[in-house]
Every structure is written in structure tokens, then in C-alpha cells.
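Here come two complexes built around subunit A, the first alongside subunit B, the second alongside subunit C.
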Partner chain A sequence: MPSIRIPGIWRCCALAFVLVAGSATPLRAATGTDQSATLADLQRKLDESLMAIKALTERVRELEAKQTPAVGATTPAAPAAAEAAQLEATEHRVEQLERADASRKTGDSGLPLHGFADVGAGTHNPINPSLKGFYVGNLDFYMAPRLGDRTRALFELNTEVGSDGTVGVDLERAQIGYQFSDESTVWIGRFHTPYGYINTALHHGSWVNNSLRRPRFLQFEDNDGIVPAHTVGLWATGARHIGAGKLQYDLYGGNAQQIVGGALDMRNAGSPHGNLMGGGRVAYQFGDGAVNGLALGVHAFTARITADSPLSATRVRTYGGYAVYDTDAWENIAEIYVFDNQDLDGGSGAHRSHAGFVQFGYRVPWGVPYARYERAVLDQSDPYFSALEGGGSYYRAALGLRFDVDLRSALKLELADTHLTDRSREQYGEGLVQYAIRF
Partner chain B sequence: MVQAIGGGNAPADRLLHEPTACRHLQQLNTRAGARCPDRTWWPTAWVLVALLAGSPAWAHNLGSARLDQLPQQWLDEQGQALALTALAGHRVILSMAYTQCHHSCPATLARMLHMQAQLDARGEQASFLIIGYDPEQDSPASWRQYRANRRLERSNWHFLTGSRENVRELARQLGFEFWIYDDHVLHDPQIVVFNSTGMLSDTLTSATRDWLALE
Partner chain C sequence: MSNTAKGWCNMRSASKAARRYRARLLAVALCACSAEAGTNDLYVVCNTNVILRPGEVREVFIGEKYFAGAIRLTPADNLAAQATFLGRVVKFTADKYANLWTKKAFRDGANPPPVMVNDNEALAYVRQTPGACSYVEIVPPPGVAVIGKF
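Our next item is the complex of A and B:
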């Protein structure tokens, strides 16, 4: 029998056929059919299949033989102009494909990895003054995948060192939103609570912030901040050009925070009591004349916040305002917060406290020198503040300097003098240095 | 010595007279669980990050860039359509910026103004283009205001707004690496120069001295 070169696909078909045919065999055997008859039947079918494959293979060869000379015959006869046009069209097509491919590999992948990191040293740790020496700050990864024209997403993953030196990871922001228009976007998830200026202008990346650290009372929750920096809920935000300026507005609601272990917890998984918080912010950013760069805003929020130790429930009502003068030369920020809280369980009644800061920064070609004064006068009979580790009153004066080492790294220095004024009467001075980068 | 005066509903241990460092450590130890998030999943996060780190960096080939190969659909600060090819015939100096930038964009603009002065001294015409990084923040109206505030009134200066796709594509082709962090656009300052035939001459760095010699 002459040998037949069978293309791979037909071999697969034959194998499949044998397997299919074979799959029936056990059934037949089980019914007592004669085994030799079955084998003969299979042999016959296999022979038929091989014959069919041979015929098809020959047919393919015939077709290929017809096609090859046809291509070869047209080429020499084609005019030079047509050839050039064809070549140009091909080049154009290749160029388009290259561009599309490059686009997929870069911007359109939607998820390049960027972030910030910082390390430092000081006579005190900038967050935990009981610690001294060198410290590892934050390693912050920021991801904003592109999901389409309207859908937005934003995630910020921060590795930070706890006070006991262990490294933890926090999903600082996880929000997905829909942009209805340039003037309206609705986010759901965990976001930076829109109050004041710096909480939504200067996030976790230290490099973005000209100063070495946030004001003490506006620190993030796990750094003893006393105002809920994060909210898990829904946030509607937008801006509209009015005149030469821009009106910005925010409205939000979410899980009411709880005080757990002396720190605010934003209840990522939901609130056990179903308590809610809500608030808003309105600001106007001037766009021309002498006030170009000036922004004025007001904000307020309310929440029923419970504490685990000592057990308490407080109706927290916070309102305040801010002024920012941000130009090519100046970065001046002032924020004030008033807390009109109501003790809901302990019967201690109403409590009023306030906190604020003012910071002046001047931009020079190599960096930004700055000065800041901050103060918090917090009623210690207010169950809200008494349950918070960072709920003590204080004032602090600081002088600092941001030096841009290069385009992506900055060295910051700060000298600060802090006075604790109620829980303990204590004063300490700090000399801090921080090296912050972006990548 | 620390004098603790406390008050209100503060826990009794806060009222004790004790060294500050000791009290802080005690508090910190008590709160260790709250301060340090669940670490059982952070190795997973690192794996995720490592995978993401495999994303290719910005790739661009500046050698072959031509003005007519760049995206052409832009709006100037007056809201008028402007195609980059309409500027061919003399040099085009191009950079990218955003209106709220107070970090590197002012320095870039200052350098472009200096370049304009150099061209003026030679009696040479050129077009200066500033393309906005973030079209969601910087509309033609924003650029109009920006231009007026900085007295950048010459008619050969154009501040352009485009779609997100066009901005990214142009940035990719010209090697302007940037990423948007909320309201901030993190980017490096860069200026590119096209010659009168629309071919990219060079990307200017701080080390580029005689840019006028570029062809």
C-alpha cells in the first residue's frame, strides 16, 4: 500500500473519529455483540476515512497549484505605480497597527503603576512623638484604570509602618464612579471626606505636599487624626465655571465612623448600627485679577459616632471654612473647624470645640520654605474627644523647607515646637527631615 | 516630668501621672490592632503590585515624529478648531501643561518666553503650543483665563484642549510622560521643537544650550 502523507488536521479528524467510534464499543461489548465483528467494522470505517482524507488532500494540492502561478503571473505584469501604491498602503497599514499596538501597551493599558514613597529621621517620629531616630514612612501606590468615557475608578494602596514597627497595607481609597458630565461625577466606595482643603487636595503621597506632614489634628485616622479623613459611602462632586472663576461642590453620605481602640474607624464593611453620616462642601475659586488663585470654601458634616471604650454615642456636628491662596509664588492655606457635639448617652449635654491652622509657603525655584501655626482647643468632657487618642488640645508652631532635589524627589526639613495643653501639660521640640519621591 | 490634668470622660489611666514616653507606648500597644491593618492579605497585595509593575513603561520613538502624524483635532483657547498641520511652514515649539500647575509649568513657560525673545531677535517666526494634560480640568475657557492672567497675548501662542485619547496619544508620541493624581498632573517639564518642514528637531532639556541651531 503506498504511503499517504496526511495533513495534521485530517489526522486529528481520524483520531477523533476513532475515539468516537471506539466510545461505542464498550456498550456493544456490554450487550454481548461479537468482538471480532466490531473490530472489522472499525477497520472498515477507518479505511473509508483514510480514503476520504486522501481525496481531500489531493483536492487541496490541486487548488494550491492553481493559486500559486496566478499570484506569480500578476506581479511582473503590474505597473510600477500600482506597485508603489500597494507598498504605500501596506506601510500605512503597518504604521496604523504599530500605533494601535503601542497605544495598547502604554496609555490605553489603563493601569500603569505610579506612586510615592518617603523615609526620614527626626528627634521625634513625626507621627508618634514617643519614638525617635530614623523611620520608614509610606509606600503609596496609586491606580486609576481607564474604563471608558464615563466610568472612573481610583485605588490607592498604602504600605505604612505602625507604631510597633510592623508593616501594614491599607486600601486608603477605593472608589468607582460615573461621570454624568464635566459638572457632575458620583463616586461610590471609600474616599477622602470632602471637608476643608488639604483632605482632598493633598492625599497620601508626601511628595505632593509641600510641608513635611499634615497638621496634627488633620492627620489620617490611624495617625491620631480627630476628623474622619475617610468615608465609605457615596459622593457627588463637580465644578462649574462661573465668571472667571469656578464653583466647586460636594455632597456625600456614608457609614458613620466609630471610635475603635481610640482611633476613628471608617467602617469599611458597613456600620453595625446602620448609623450614617452626611455632609457637603461648597467653594469658589477666583480666576482673575488680584484674587486670582484665591479659593474660599465652607463645609459641614454630621454623624452619630459611637465609641467602644468608654462606651459612648455622640452626635458630631462639624462645620468650618477655608481659604487658600495658591499661585505661582504663594501657597497659603488656612482652615478652621468647629465641633458642636451632643452627648447622646452620657447626659453631659452639648460641647463646643474648635481647631484650625494657617500655613504660609513661598515658592522659589528650588523649593518652598513654609511656616505653620496650628491649634486645637478640644473639650475633654466631650465623649467624642475623650475617646480619641489624639483628642487632646495642643498648639504647634513650625518652620519648614521643601527642597526639590530633582524633578521627582524632594528633601523636606521641619523644626516644630508643640505644646500639649490639657491631658498633659507638655512641650517638645522637633527637628525632622524627610526624603520624599514620586515614581 | 509630665503633669497630666485630663478631664471629662477620659479613662482613668490617662489621669495618672506618668512619663509621657511610657504613656505613649502604652497607648500605642493598646491600639496596635487598630493601627496596623490586617496583614494577612498584604503579601497578596504585593503580588498584585508586582504583577502591575510588569506594565510596560511609556514607549515612544521620537526619531520619526512628524507634526502631521500627531493627533490633529484640538480646540484653542477661543474654542476654535486647530489642526497642528496648519502651523507648518515655520518652527513649532510645543510643550504640555495644566492650569493649576505651580511646580514646573511656570518654569517651562518662562523658558518658552525666552525662546520667543530669541526668535524675535532673529526676526524669525514660530508657533508656540501649550497642550493641556487634563481636558477635564482645563477647558478652553480655563486656558483663556490662564493666558490673560499671564499676559500671554501674542497670536502665535496657542493653548490647546483635546480629547483624553488625543492628549495621551500626542504625549506618547512625543515622550511626555505624565499621570494624573486627583487634581494634580505629575509630569516632567519638556519642550519639543519641530522644524519648518514639520519634522521633530529635538527634545529640549536643561542641558540644551543652542536650540536655535537645531534643524
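Our next item is the complex of A and C:
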């Protein structure tokens, strides 16, 4: 039998009604007739009360029947609507936070600045052998701001100490480029001239190099280098997958360098005669099997380079090749340069010179021991080399050790024996130590 | 054997059975947990506007691939799953990966992927950033494109 649930308030009303009705009839001591009459009266009132209760019960049912759907619809509806609004507000807030966080992570919050620095000591300065003792090396900053989907930029500022102890600041690279695709990017500005391997892969930043210094003939222009390390101009570069490897290419053109005060000047502000230089590099990087990590490349450039003292003009034609075997265990590099130069003013004709180096490095858990041999045989009757401070021939053998102190710092040691073979017959040995960091 | 003894024996055997049952449950749970921990699937996910093949994921994260069609890719590392990702997909140690990006940034002006701290942050980044890709160890929810399971 289904039970009827009567709300408490109606039960109380019914009970009150009964009590009130009951109390309205006075109890009195009566005789048999009186008792019968009283009982009849009570019976009547009880019947009335029961009828009233029945009526009230029916009324309660009616009200409950009316109220139940309404209660179900209205009472929980208010909290449900409030909860939904609250949920929606929370979701909106989370979405805002996610968006803000995502934009923060994409680098919109600032420009990261990174760099390298090194200091050291030696029996000779690694760049200028006439100096000895402790030295401050380079403090090199580079920035690559995130600009957009296809525009790229790279700036590198290097502070270095000259032979006279003065600190100079060079804008080593200032290049802005447009990336057409994975296979093609065009840069304009000042960039590392793409020849050989180390000039683009291991430029400033001693920490990047496993060896303590670059080969002497590939030093930077203001450190008596004989090959233009920087070019101000236009550079197209990219790589395309072919087979398991990649074909890398570089094509560039820019201001022809000039020899000023015995050093190559890359003419940052432009060339006075509008002379241009141009060149290219092509390499194949193997990506599979036993030759994985091997890259073989060729490079060439030509320029009309003038010198201020003595006055001269030379058509410099340089070409060569390189091989790199860079794996988890080995870093072996070999580069060769041939100079087929033509004297344009002095009538001394054609001159051929060459330079190159080979370096073997083996990676062990704590660092990289390496050995290098380098040699430059430079024709001193060539006006190009005779005008350069670092244009003398030499050979050098070196043994070195890179010890990785931690992920961001390395201690390097090098023992080297250098022989100068034409301008002077000097020979000197070197013991060098360098502490290099990245940040 | 008296009824009391039989009842006692029945209770004991029931208790044994219950213990065995609990032990089996525990063993199954442990196996399930260890299997879960051992396999911990890794999902590479991208924004829904990115179309990428699983074989291209490594190139994206080592800075050899910047575009998927016309879409500029913006990969992000997930610190919580990075070790698994580097070992399984990139095949690099964490040190080698860090060194690679140091050299790449210096040589090419490329920026290393930003680092998210966990799966939820990585998923939020991928959902919110066109061209974004990352990796997670939880089953990716709707709203991102699953490039592959590694």
C-alpha cells in the first residue's frame, strides 16, 4: 500500500484542530442518560474531526501534487544556474591564464641574451706571441630575437682585448633574414663568410670550440687572419634532404674586403670603389650507416682586394674543400685552401699559395683530447699576402685537452710548437690554459 | 566433526579464500601499475592546424624543420616527459640536446623550444599556439592533433 507523506505542518494543524475540537466539549459527571448523550455528542464531534482530517489530508495531497513539479523545477534551478555561471566564469579565467601563459612561453616576454667568455694564461699569448702571462679573451654576446613566422635576426657583439691592452667592441654579426622555407633563407647584413667548416660552425665563442683556438691562418681579421672571416652583403643558405643525407648550399656576395693597416677590413659601411666579392659553398652531410656524421664540402670565393700600404690591387681567387667527421665519439676536421691570386697593379703576375689543417678529436666522458697540425705556404711576392701582417708562412703542431667542468664551462690546455718559415725563421713553443664558459 | 568445528573450518577456509583473493587483487593491481609505469606511452601532439608525419618529429625538435606546409612550427619541450622524449624520439641525451641548441642558436640564430613544466601546460600551449607541437604522457584530450604515439 502506498504511503501518504503529509508535511509536518499539516499534521500539526490537524492535531491542533482535533485538540481544539475536543477541548470545546466540557467533561462533566453525568448520569447514564447524560453519558449516552455526551458519548453521542463526542462521537459526532469525532466523526466531524475525522472528516475534517480527511478533508485536510485531501487538501494536502492536492497541494503536494501541485507543488512537487514546481519544487522540482524551481528550488534546484537557482543553485544549478549559479553553479553554471560560476563554472563558466572559472573556465573563462582558466582560458585567459592559459592564453597568457602560452604567450609568455612563446618568448613574447623579452629577448634572451646569451654569450660566451674566456680568460686564460700562457707562455705566449695565443693570438699575439710577443706577449706572455695572463690574458682576457673574448666576451661575446649574441641575440636572436623572435620576430615572426619568417623574419629572422641575429646580432653578435664581441668585446676583445687588443695587443695594446685596449678593449674594443665589434659588431661581429648583424644579419636580418627571411626564411622562405626549410630549404632556403636569405640573410642581409654582416655574417660569417661561409667557407670551410669552422668559420661558420665554430666562430667566436671559445666554449663552442673543442680546441683552445682557431688555426692561425683562419684567425679573425683583426687577429691577423688571411681569409676574410666576415662579409657584409647578401647570403642565401639552406639544405635539402637527398637520400639519407642533406645537401647544404651557400651563395653570397658583398663588399670586397680591403687591407687597411695590414689587416683585412670587411667594409661595414660600404666599399669606396664599389668592388664586390662573391662565393659559394656546397656540402653533403651523410646521415646513415658508417658514414653518418661525415660531411664533405667544397668552397670558393673571389674578390678584388686593394691594400693601402703598399698600394696594390689583387684579384684573390680562393678555392678548396673540407671534410668533417662529427659523431658522438669523434670530431675530426680537415680543411684546405688554395689561393690563385693575380696581381692587378704591380705586374708580378699570378701567384699560388695554399694553407690547411687537420685536427683529430675524440670525445670521452670528461672532455675531448685533440691533436692538430696546420700549415700555410704563402707566396711572399703576392701583394695580397705581403700586405697582410699575418701573411707569413708557418707550420704548427699542437696537442690539447678540453675538460668539461660542467655543462656550461670548460677548461682547456694546449701545448703547441710553431715554426715561422719565411719572414722570420723563428720557432717557439707554447703552453696555454683557457677557462671558457657559455651563459 | 561437530557442526561447530565444521563451521570454524568453513570460516577459516573462507578467510583463507578471502586472503588469497585479496592477494590476487593486489598482485593484479601491482602488475597493472608496473606495466603502466614501464610502458608510459608518449604522445606527440600539435595544434590542430599542423599536419606532420611521425618521422618528422625529430627534425622539428632539433631545429632542422621549421615549416609544415605554410605553417611555422613552434615546438615546445615538456620538462616532465623530456627524458623519455629525448631517449625515444630524438635519441639524444639531455646534455647533447642542450649543447645542440646552444650551437644552433649561435650558428643559425635559431631559438630553442620553450619549456613547459608538465603535461597540462604543454597541452594548453599546443591548444593556444598555432603551429605548436609538444609531447605528453597522458592520453591527449580532444582539441589537439595527435601526431604519433611513441
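Convention: the second predicted complex is superposed on the first by the 338 of 439 C-alpha atoms of A that agree within 3 Å, B and C clash if a C-alpha of one lies under 4 Å from a C-alpha of the other, contacts with A are read in each partner's own complex, and residues count from 1 in each chain.
Heads up, the rule we're going with is that a contact is a pair of C-beta atoms (placed from the backbone, for glycine too) under 8 Å apart; a residue touches a chain by one contact, two chains touch by 3 or more.
Source: prediction; values computed, not measured.
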>> Going by the contact rule set out at the top, does A:Gln175 touch subunit B (first), subunit C (second), both, or neither?
In response: second
> For A:Asp222, is the partner it touches subunit B (first), subunit C (second), both, or none of the two (neither)?
Replying inline: first
> Looking at the overlay, does A:Val208 come into contact with subunit B only (first), subunit C only (second), both, or neither?
Replying inline: both
> A:Gln427 contacts which: subunit B (first), subunit C (second), both, neither?
Replying inline: neither
> On subunit A, which partner's contacts cover more residues, subunit B's or subunit C's?
Replying inline: B
> Can A:Ala244 be said to touch subunit B (first), subunit C (second), both, or neither?
Replying inline: first
> Thinking of the overlay built on chain A, is A:Arg438 touched by subunit B (first), by subunit C (second), by both, or by neither?
Replying inline: both
> Where does A:His114 make contact in the superposed view: on subunit B (first), on subunit C (second), on both, or on neither?
Replying inline: both
> Does subunit B (first) or subunit C (second) touch A:Thr151, or do both, or does neither?
Replying inline: neither
>> I'd like to know which partner A:Val167 touches here: subunit B for first, subunit C for second, both or neither.
In response: first
>> With the touch criterion stated at the top, can you tell me which subunit A residues are shared between the subunit B interface and the subunit C interface?
In response: 99, 102-103, 105-107, 112, 114, 142, 144, 146, 154, 182, 200-201, 203, 205, 208, 328, 407, 438
>> For a test of understanding, state which residues of subunit A touch subunit B in their complex under the given definition.
In response: 99, 102-103, 105-109, 111-114, 128-130, 141-144, 146, 154, 157, 159, 162-164, 166-170, 182, 200-201, 203, 205, 208, 222, 241, 244, 260-263, 265, 287-288, 292, 309-310, 312, 326-328, 331, 346, 348, 363, 365, 379-383, 385-387, 389, 407-408, 422-426, 438
>> Can you tell me which positions in subunit C touch subunit A when the two form their complex?
In response: 64-67, 72, 74, 76, 95-96, 98-99, 102-103, 105-111, 114-116, 121, 124-125, 127-129, 131-132
> For the complex, which residues does subunit A have touching subunit C?
Replying inline: 98-99, 101-103, 105-107, 112, 114, 116, 142, 144, 146, 149-150, 152-154, 175, 177, 179, 181-182, 200-201, 203, 205, 208, 239, 328, 407, 438
>> So in the complex, the part of subunit B that touches subunit A is made up of which residues?
In response: 2-11, 14, 20-21, 23-25, 27-39, 41-42, 45, 49, 52-53, 55-60, 100, 102, 104, 106-107, 136, 139, 141-142, 145, 148-149, 164, 168-169, 171-172, 179-184, 186, 188-189
